[in-house]
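Both complexes shown next keep chain A, but they swap its partner, so chain B is in the first and chain C is in the second.
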Partner chain A sequence: MQQPQWWWCAVKKWGYLVSRLLWAGVATWVILTITFVLMEFTPNAQYAQLQFSAAQSGGDPEQALETAKRLRGDTGTLWAQYTEFLSNIVSGNWGWSTYRSQPVTEALATAIPWSMMYGVPSLIISTVLGMTIGLYSALNQYSREDYAATLFAFMGISIPNFWFAIILLVFFGTVLNWVPILFDTGVAQNAAGNLTLGGVFSLANLRQLILPVVVLTTGSIASLMRYSRAEALEYVEADFVKTARAKGVSDRMIVLKHILRPASIPLATLLVGDLLGIIFVGSYLVEVVFGIPGLGTLSYNAIINQDTALVFGTIFVPTFIAIVGNLAQDLSYAYLDPRISFGDDE
Partner chain B sequence: MSTQTTPDATDAASRNDDVLLSVEDLVVQFDTDGGTVHAVDGVSFDVREGETLCIVGESGSGKTISCEAITRLFRSPPGFIRGGSVEFDGTDLTSCSDDRLKEYRGNRIAHVFQNPQGALNPVYTIGNQVREAVELHTDLEGSAIRDRVVDLLGEVGIPEPVTHLGDYPHELSGGMKQRVVIAMALAGEPDLLIADEPTTALDVTIQKQILDLLNDVQERHDMSVIFVTHDLGVVAQIADRVLVMYAGKVMERDDVFDLFESPEHPYTAALLDCLPGSGGLEGIPGDLPDPFNPPAGCRFAERCPAVTEECIEGDQPPEYPVGSDDHTVSCVHHAPDGDPGELDGVTGAIGGDES
Partner chain C sequence: MSADGDDAPGGDSGVRTDGAGEDVVSSNRRTFEDIDWTAIEADSRRVPPLTALWWGLLTVLVSGLLFDAYWRFAPEIPDVPVLGLLARETGGAFSFPVVGVITPLTWLYALTLLFVVFKAIVPLVRDRRMTMYYWREFRKNRLAVLSLVWLAVIFAIGTVGPLFLNTPKVAPLEAYQPPVFMSVDSGVPVSCVGETINGRCHGTWEHPFGTTAQGKDILVSVIYGMKISMQVGLIGSFLVILVASAVGLLAAYSRGWMDEILMRYVDIQITFPTFFLYLLVTFMFGGSLFNMIVIFGLFGWGGIARIVRSEALQRREEEYVLASENTGAGTWSVIRRHLLPNVSNSVITAVSLLIPSLILFEAALAFLGLGDPTIPSWGEVIASGRRDLDRAVWISTLPGIFLFFTILAFNFVGDALRDALDPRNVGGES
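What follows is the complex of A and B.
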């Protein structure tokens, strides 16, 4: 008999989970190391500035550099710097942002809520709508609705986010005057400049978030639609769906039991990993166009101002989210797909 | 075109009482972006109670679609039944709503498909999937359902079925999966089992086992069977009667012994010539005609060594009766005014140099 023993199932399952966790750790380490190497090769704007002024005032640029490095603790062997860098990152000491004059982590902490304000709704809307439309399309392939959805999806994919954002701003902000053109952070904050729950969910704040959400959603919903359509189609045409039909299963149960359940496995993959990617990439331009002080704007400004520590900080956040997202994906896979997880019974 | 061709009306009437399924002039088309595929183009056949009808043909001959049309299993769109009738036990299934059809699917008419690898849903245990069929087609409740599932799995030769209820399809071999599919098919105690190339994807030894199993359950449950295959070797083992299809048309039909002994249609003859271990039908030179634009005249004309002017005009030649009542051949040379002698060298020796 081929039924594996229960303990073997457990070993397999836990082995899989542990290997996934280890991979997440290794991926993180690789990314940190690459970052470190890049930083080593990046000319430090501050040091360059120091050397420049030292030279201007007749001093020795090299010596000025040495002094500055010693002051910043930026000496010692490469290995020592590397280990210190790693331990700093792990302990949450992500360096000092010169442009913001505050620790990088603090700058990130102020920016992230702004990104979430439009990112999370957009994530939810595009997931729910995208998958629903995609599945509907698949089940009604070649129908008028299917063609309409396809057309919409291709528009969503091909229209550049920033252009769409500007057009929407011009139309709804300037022509119709329905939404503010300038993003006002004040409406979500109290007098001390801290975000408040009431402020975040205030009408004024929600109003200025509508367009960013729309823009980001049209960008990400399209690929979700196409993907879930393709995925579901694969199952709509699967032999086992025909078996179910021949068995006399009702159409509704075929969709729910025989198509959605197996299709949910690859869709879980798309959801966490790729979607987060789409949203973070999209957020750059959306934030810059709308003037939202989120992660995208922060990263953009950090680059413009050559604020190396902050640039890496703003890159770390989405990177780590992607790693955690991938991990979550693998785990959900193990849960959903019997071909990976063993030991479930009937 | 085929009104004058159905085997003698009187004979058909006298046999009517034991005819379980009667497919009449069936037309099935698929609307695709590339145009309309004429998959089945006016096909008629009967299945009598307890008999095994084999439908033989290459892929693209329309044999599978003909079978799926019986309970409308193909997706629609793109597939549509554009003509004809499918009378099962006195009811025309083509005019039934999908809801009505559900009373037949799996219940009175069951299917076994070609590819056991894909025929089971990968995310459910086999116990769960057989149970689904039992729940749909019986009034059993509670532990009786489980008992029935175990019985069914036992009947199709799964050893120690209780221990396998929790197995997922990927844990079973192809032959075992096909057994599970057959168990599901038996759940509703069907009158008609349609087996669409059920052994093609399996190893030769397993093929034999599955064929034996099918023979077995047919006898035990007193079912009629439609067996679709491209393998004439299999046909010889199991068929009572044979329907030879080509490009959506019926070429020849006959009792299995007579057909093997004296094929009258050039296509059947070619099939038989390719038989001994030559890997099926590749031996016949040429391709199937364009399914979007079937040519005028006989569909087989392009590959037929006995082709004449007459063959490429009008429609597919009617199915002319030959000899016994059960034997028809769609070939101009068998027309009342034709000369079967034209086929003398052909039905005997066609393809001899290829095989």
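What follows is the complex of A and C.
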């Protein structure tokens, strides 16, 4: 068969990239629309409360509702509300948090660094360690170390994050007294309450971040180990690896060039997609247990306090990151894997 | 292999005609003419008792469920016609004779168990040969066998226990009782139920797992938690199987724009982080256990629908399907007789790995206080002991052990099922 022209390949590749970009946009729009519909069809607890208190104090509940709606901009036709909702989201006006008495975006901005403080180290550790152990397991399949790693992976997947966090807190906090039980935000902040670089990397702050990192890493490292083991196993017995061995290529080179390279493509995509999900869900519960004032705690408190705008804001962040992660996954696939077809049948 | 031993299941009577016919085919080869087709046709029209029982029970359950739903909601919706005998003023549950009020959750659970019995256990019992084969494959994984025993015990206790035990009551005077064989400083419990020796309160068999800060018995809570976890796992995955197979098969069969729309929707649903979706919907619609399970069922099927679709697309092109289509089998019969049975192995495997995540989600939501406040679940008990870690460790740790081992057991069983059920997966691994 004749090879297609190079420019045709480029056109197809760009077409693929553009279609993925468009698709991410469509996905965002659909999710926002669904959210709007959900918000529209659920009774607003704040309105109900307002009406209730108006009726109690002898006012007219209907009028109180009207005023509240006008204040929040909930007036006009459904279409007008919908377009306003969308333009607000796009322009970064995510509403007012009643519980924090500040704009939702500001509350998010103060919370996210706290989540990153243990999320990023955990992401790096679980990636490096998980891939290494998985690769080792695949190369020594059915060895004692492989069984141990598999067992550990099953434990890691199965252990409930929040319960594990509690157990660790009991053991290292209460019994051994090595780490503080209560999370102290002060050690990472200056007198004005802003995060400082020295504070974040101070010993006291690092010490209280150890357990969250450990808990979060157990869950994500386990699934990464499983995946990288399965991926690497596909290439351990591949013909080109056998050929390389027969030619006398050193073990190191075989692992790095012939096994890790092809296996890393699906793994790289897994990293953004699945791992981010595990980290976000894990961080939600971990923060609540440890009392870290990050995104998870913010969302949790918003739910407890019926702060609808903040609840949506805190849920939008991981959702958008998931969409962007998926997009990055598709794009990286296009660049990393020369075998991908920029699909007529995609 | 003789023709006698290889008859199609259920078709052995009526195939043999008479003595004369037997003589003709003494070499065990039967030709088209040897078979008494009228007898077979008469036989195929007779409904086997088990099938009759299945349809009978299904009809009873579904009509009961519809009637109960009608009784509950009809008076609240203005436009529903209220039929003569059923005319009534107020909403609320119908009290059935003998069993009394049946909750929506119980209806769903009964339906789920009916499906498990008739679509999993009965075929396994009937087809001994395949069952033994699967069992031999499954048995290779000793941890999985152990896990299966653990799950069976949890299921049995969780089903029987709540029938005899009342939900744990708040008893402030019996707060912080330590579990049996354990002792705490006698300052911790309000009053020690057991013996106090040397200033330490010892646990008693009255509360084998101790009590919470409210004086609720933890063992009873744990037993109720078993029921809840099983219900979440089984009903949730039952709903997922229903929706996923319907969507997957529909997409595979219709192709074209229907396929496109369904699969693009699945893309979006999968993009949305499941846990946050559950969190959002539970926040908006309230976290009764029924709501939670329905949400799990309605939003958790994306991955499995993809599996069903791709498997069904492959199977459709296979020769036995083409052959049956050529002999005039309709779409529905092809789906029911060829596609569904062949897709089911992949679905069962995927679902057995979905169950632990559903249980974990329920526990996490209950832990966050978004669960059902009326029913004690593992996550809720773990949360209730979070403030008392320094003096009453058992409150959070004991239910967590059950949660951990149940999830672990489901993961082991799912892994072994994948090895046993999936013939393509020879010697390999995940």
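Here is the rule we go by: the second predicted complex is superposed on the first by the 323 of 346 C-alpha atoms of A that agree within 3 Å, B and C clash if a C-alpha of one lies under 4 Å from a C-alpha of the other, contacts with A are read in each partner's own complex, and residues count from 1 in each chain.
Simple rule for what comes next: contacts are C-beta pairs under 8 Å (C-beta built on N, C-alpha and C of every residue); 3 or more make two chains touch, one makes a residue touch a chain.
As the structure is a computational prediction, the values presented were derived from the model and not from experiment.
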Touching partner for A:V170 - first (chain B), second (chain C), both, neither: second
Partner chain in contact with A:V311 - chain B first, chain C second, else both or neither: second
Touched partner set for A:R226, first chain B, second chain C, both or neither: second
Which of chain B and chain C A:V288 touches, first, second, both or neither: second
Which partner, chain B or chain C, touches more chain A residues: C
First (chain B), second (chain C), both or neither touched by A:L260: neither
Which of chain B and chain C A:A246 touches, first, second, both or neither: first
Touching partner for A:V179 - first (chain B), second (chain C), both, neither: neither
Chain B versus chain C as contact partner of A:I323, first or second or both or neither: second
Chain B and chain C footprints on chain A, overlapping residues: 141
Parts of chain B lying in touch with chain A, wherever the complex brings them together: 71, 73, 75, 77-78, 98, 102-107, 110-111, 113, 115, 117-125, 127-128, 132-133, 136-137, 159-160, 163-168, 170-172, 181, 184-185, 187-188
Interface residues, chain C side, partner chain A - complex: 267-268, 271-276, 279-281, 283-285, 356, 360, 363-364, 367-370, 379, 382, 386, 389-390, 393, 396-397, 400, 403-404, 407-408, 411-412, 415, 428-430
Chain B partner contacts - residues on chain A that touch it in the complex: 1-3, 141-142, 236-240, 242-251, 257-258, 261-262, 265, 336-339, 344-346
Residues of chain A touching chain C in the complex: 23, 27, 30-31, 35, 38-39, 42, 141, 154-155, 157-163, 166-167, 169-170, 173-174, 181, 226, 229-230, 233, 277, 280-281, 284-285, 288-289, 299-300, 303-304, 311-312, 315, 318-319, 322-323, 326
